[in-house]
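In what follows, structures are represented as structure tokens.
In what comes next, chain A is part of two complexes: it sits with chain B in the first one and with chain C in the second one.
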Partner chain A sequence: MKTDMSIRMRTMLYGLMCVLLIPFVFPTWWMVTSSVKPISDIFAFPPDLLPRTYDWSTYQRVFELQPFAQQYWNSGYIALLVTAGTMIVSSLAGYAFARIRFPGADAIFMVVLLGLLIPAEVTIVPLFQMFNQWGMINTHWPLILVPVFGAPSVFSTFIMRQFFIALPIELEEAARVDGLGRFTIFRKIALPLAKPALSAVAIFTFLHSWNLFLEPIVFISTPQMFTLPQALTQFTDAYGGAMWNIQLAAATLTALPVLIVFIVAQKQFVEGLAHTGLKG
Partner chain B sequence: MSQVSHVVAKSDRPRPLWTIKRRDQIAGMLFIAPQLTGIIVFVLIPLGLVFWYSLHEWNVLANSFKFVGSANYKTLLADPALPEVLTATGIFSAGLVVFNMSLALLIAVLLNQKLWGIVVFRTLFFSPVVVSLVAWTIVWSFLLQNNGGINAVLQTMGIEGPNWLRNPSTAMFSIIVIQVFKNVGLNMILFLAALQGVPKELYEAARVDGASAFKQFRRITLPLISPTILLTSIITIVGSLQVFAQIAVLTQGGPGMSTTVLVYYLYQQAFQFHFFGYGATLSIMLFIIVAVLTFAQWQLRKRIVFYEN
Partner chain C sequence: MANVTLSQIKKQYGNTPVIHGVDIEAADGEFVVLVGPSGCGKSTLLRMIAGLETISSGTLKIGDRIVNDLDPKDRDIAMVFQNYALYPHMTVETNMGFSLEHRGGTKTEIAERVKWAAEILDLSNLLKRYPRQLSGGQRQRVAMGRAIVRDPQVFLFDEPLSNLDAKLRVAMRAEIKNLHRKLKTTTIYVTHDQVEAMTMADKIVVMNAGEVSQVGAPLDLYDRPANRFVAGFIGSPSMNFIDGVVENGRFTAPGIDLETPSFTAGETSRQLICGIRPEHLVIGGEGISAEVSLVEPMGSETQVTFSLPEGTIVGVFRDRIAAKPGDILTLGVQTDGCHFFDPLTDLRVE
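Right after this comes the complex of A and B.
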């Protein structure tokens, strides 16, 4: 399409997009600005787009009211471990399903795909019992083991498989004629070419782990072991009322780092997402 | 000497080939072993256990576990809360899918225009996807308070806003809207990729034939991106059945039962009231709903999808 759009048309499009953007951008803006408003200003009318006075002590209070640094560490190391683990498990399985012919491969693939059909919520009761028997309640193990090996990783395996299927096979066949083993071919030839799919898997997995909510509140019960989403809901006063500015400061601390990484690397995010096997 | 060994090697040729194939098969099985083990331990066995539990009356607090056959299923069918729970689930899923898909398509079409600075808009529309879900939910909860930001803005326009999250007729609507803005960016990107895959020549031909912009969209764009629409709608519906954090943070299923969707009801029964047997029965129902929906949509795919590569 040539850019022969009239100025009026273009202004209209920009205007429409700006209006549509409000509910996408305003909440984040409101979260950040309200987190430094003193509690007396937080429900001020008319609302202030920028704080009238800045009260940075909310950020200090976040760390006083809860072991927030510890909780931050919990969420961070769990998400990184889950991301690395899923990348390994899913790229291995995805590659095998795409490239290697072994007895029962199709049947096994169908069984694995069953994981896509079973939301974590369906199996939460027996999983609780299993981890209870293994003495892993109130540890981080359920939050690591289930995503890496269980149903959540199936989606990643599927993405990897679709990617490897679309990859030209000639290079790998040449390597096989040269007598290279499967693992070497996978690691030295196929995997380096799979960076777009791997980055999509990494992004999805990290966000999934970082956002996990049902599993932490089922499996974990002490503040020292909490993850961030769980901790965010705990900033209440003695009567159960929300301490808004402190809660919003904690929410800002949770959301902002990921948001900044996204804005810096938005090209990889969006393209990784668009160029996976998701297109149907 | 070298001549002899050469002959031996030649006569042996089928064997090394066979070993390579064999080694390859073993490699394949080793490659999938971690995933397959995980699926067996964390999906298949729990699924079997869920079914087994659903045949028992199991109260964790009373420490009772006894076989009751189909009693839980009879309780389920007679549960006075069930119609409300299924209605809430249905409203949420239908509302979410319709609103999410149409907004995603609208934004994708806008972003597909050749305009200066379009990447900035794309980044901003996508940004809520990477904001922590609970953080996003908390901000909206703050905005939707009776004296919160949204009602304040309405008040400056002279409109008296409702107490969004405490009013049965607006609570579910609010949760749907919050969830759509959070995740519509994902579908938007997939639609955008699909739109960019539509061959430009088709539009040019249609323009030569005098087709209006709307007709081009209906006759060319929609059919060609229908595989993406179907795939994203499956992902969105199955995802919508898993809504939990938003409800736990915003309404705890209330007011009344108006936002108690199936997953939240399951959580209440199993982990708040400690009826594990009944919770397992609800899990089975959730599983059946997801399976039926997925199957139905794959059948639809054969009928209504016009084009697949």
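Right after this comes the complex of A and C.
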């Protein structure tokens, strides 16, 4: 009886998951297959699940039409720097907010959190003026500095703070008795134990930076400096019409690292979110 | 090794005082147990000695140094926490060597000390494991190992056995005592379990509501409790208290008329509380006549609850008791089995 129930339950659950998967998997499938279809086949209705003819030259064209390798590198190194920077800032700030009692700590934390409520569109113009004054327009600095000291970092700080608060205080007290100072305790005890939260922060920030769109189109103007999301908009013919298959080939290449990150790190990601009590 | 001296130590959180001026002296090599009910301030006091909590006023000396304002790491103490606080991301070996590593020991020195401690605590074959791979008792031993490797002046324990099951607790009790016999390091041990206190201590400090109620050797506290609180706290089941009058060498209360030869507080009658330990009641003596209300045989002894005209008393007897609820028995008290306390001050009267 009981096993019958659980088998039925399982079948239903798997069925439900398959249905839920369709809106996620189908667009990806469409993107990948369409990247090797001739343009005329892309919008055929009903769509073909597999291309009738394979045209791999689109992938070559991606690199001919744009300095795509350079743009790939731009996106990559910026995302890595942003990730490293955010990990440093958010773990230090999160620890301070969790463990160090200083005057106005709670008020400051509230103010920092409020930063999350302001949409990027609101701050982009003042930011443009600021970076303009600093002579940083059409450099990658804004794409690094804005996330490391902006909303993604605030969110990460929040995650880290929650994690550090939940860490047993006795561990740190034991370390104090064992002869460690505040910073060594952070580095040798708290930080290594915060690995799950830190991985969640890393993945989240990397993806955020990788997908950043508004800031690049505002701050960057030459193709050599473009990042990938911005570059994707550039695959058009002389009349401004989209070259769909080439654009989708570029999109496939852009999505690839994200997919890899997710597959490799999904366990840490889920664990990290579960640990912090935040459910995605 | 060193003695630890607390003089007029006080602690308040904001405006709430929790420790009201405590004086304790732990001699060099002594095993001192702080015992008291939950919330009386034992942990707070221990944490002040460790340096994890600031001292509001008073002086704390370890050896000849006043250490009030020193960091925990400069006090040369080691502490064992209730939940062990082992570093989860380090092996047993690293956990134990960690403090030495941070005090600049060389690799061979550390390895040697860890090996020494592991042998004493029977941990030698667990050195490569992580805390999560250990049983409760093993974790407890690692926590002690972490404390002893450094050979500190003072060991501090905060209810180290309360997470263990009853059997293991008894075994670890003996092990800690043995360890102390070997190392002879001054130890301050916090517990709320009076059996632990009685069996382990050279000296017991009974605390109540942020104050020291009495200090003394275990049997002194049992034989001559200085006040009603200590009388009730030490001993299990706890002492019976009966309100009554003492006059002409006799203590009388409803249902009770006892001779008290040891008590010579004059001829005038005086309101007092008589305290009698359950194990000092004898069946068939004379002085108390009471109705049996509950019989609880435990095998080695029998615990009987009697009802008196006012309240109930409990007796513990080595013999098996045939009585049933409802029976009326006469009870006596062993020689020197009566303790007297002043009903107003709760202090012992002799």
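The rule is simple: the second predicted complex is superposed on the first by the 252 of 280 C-alpha atoms of A that agree within 3 Å, B and C clash if a C-alpha of one lies under 4 Å from a C-alpha of the other, contacts with A are read in each partner's own complex, and residues count from 1 in each chain.
Simple rule for what comes next: a contact is a pair of C-beta atoms (placed from the backbone, for glycine too) under 8 Å apart; a residue touches a chain by one contact, two chains touch by 3 or more.
A quick note: this is a predicted structure, and the numbers were derived from the prediction, not measured.
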Between chain B and chain C, whom does A:Pro46 touch in the aligned arrangement: first, second, both, or neither?
first
First, second, both or neither for A:Ser153, with chain B first and chain C second
first
Given the superposition on chain A, which partner contacts more residues in chain A: chain B or chain C?
B
Is A:Gly15 touching the first partner chain B, the second partner chain C, both, or neither of them?
neither
What is the contact status of A:Glu170 with respect to chain B (first) and chain C (second): first, second, both, or neither?
second
If we overlay the two complexes on their shared chain A, which of chain B and chain C does A:Ile100 touch? Say first, second, both or neither.
first
I'd like to check the shared interface: which positions of chain A are touched by both chain B and chain C across the two complexes?
176, 181
In the complex, chain C residues that touch chain A:
50-52, 71-73, 77-79, 81-83, 85-89, 98-99, 102-103, 146
As the complex stands, chain A meets chain B at residues 1, 3, 5, 10, 13-14, 16-17, 20-21, 23-25, 27-28, 30-31, 34, 43, 45-47, 88-90, 92-93, 95-97, 100-103, 105, 108, 111-112, 114-115, 117-130, 145-146, 148-151, 153-154, 157, 176, 181-183, 186, 207, 210-211, 213-214, 217-218, 228-230, 232-233, 242, 244, 247-248, 251-252, 254-255, 258-259, 261-263, 266, 269-270, 273-275, 278-280
Under the definition above, what is the set of chain A residues touching chain C in their complex?
168, 170-171, 173-181, 184, 189, 192-193
Under the stated contact criterion, what part of chain B meets chain A in this complex?
20, 23-29, 31-32, 34-39, 41-47, 49-50, 53, 106-107, 110, 113-115, 119, 121-136, 138-143, 145, 147-149, 152-153, 155-156, 177, 181, 185-186, 189-190, 192-194, 197, 200, 203, 227-228, 230-231, 238, 241-242, 244-245, 248-249, 263, 266-267, 270-271, 276, 279-280, 283-284, 286-287, 290-291, 294, 308
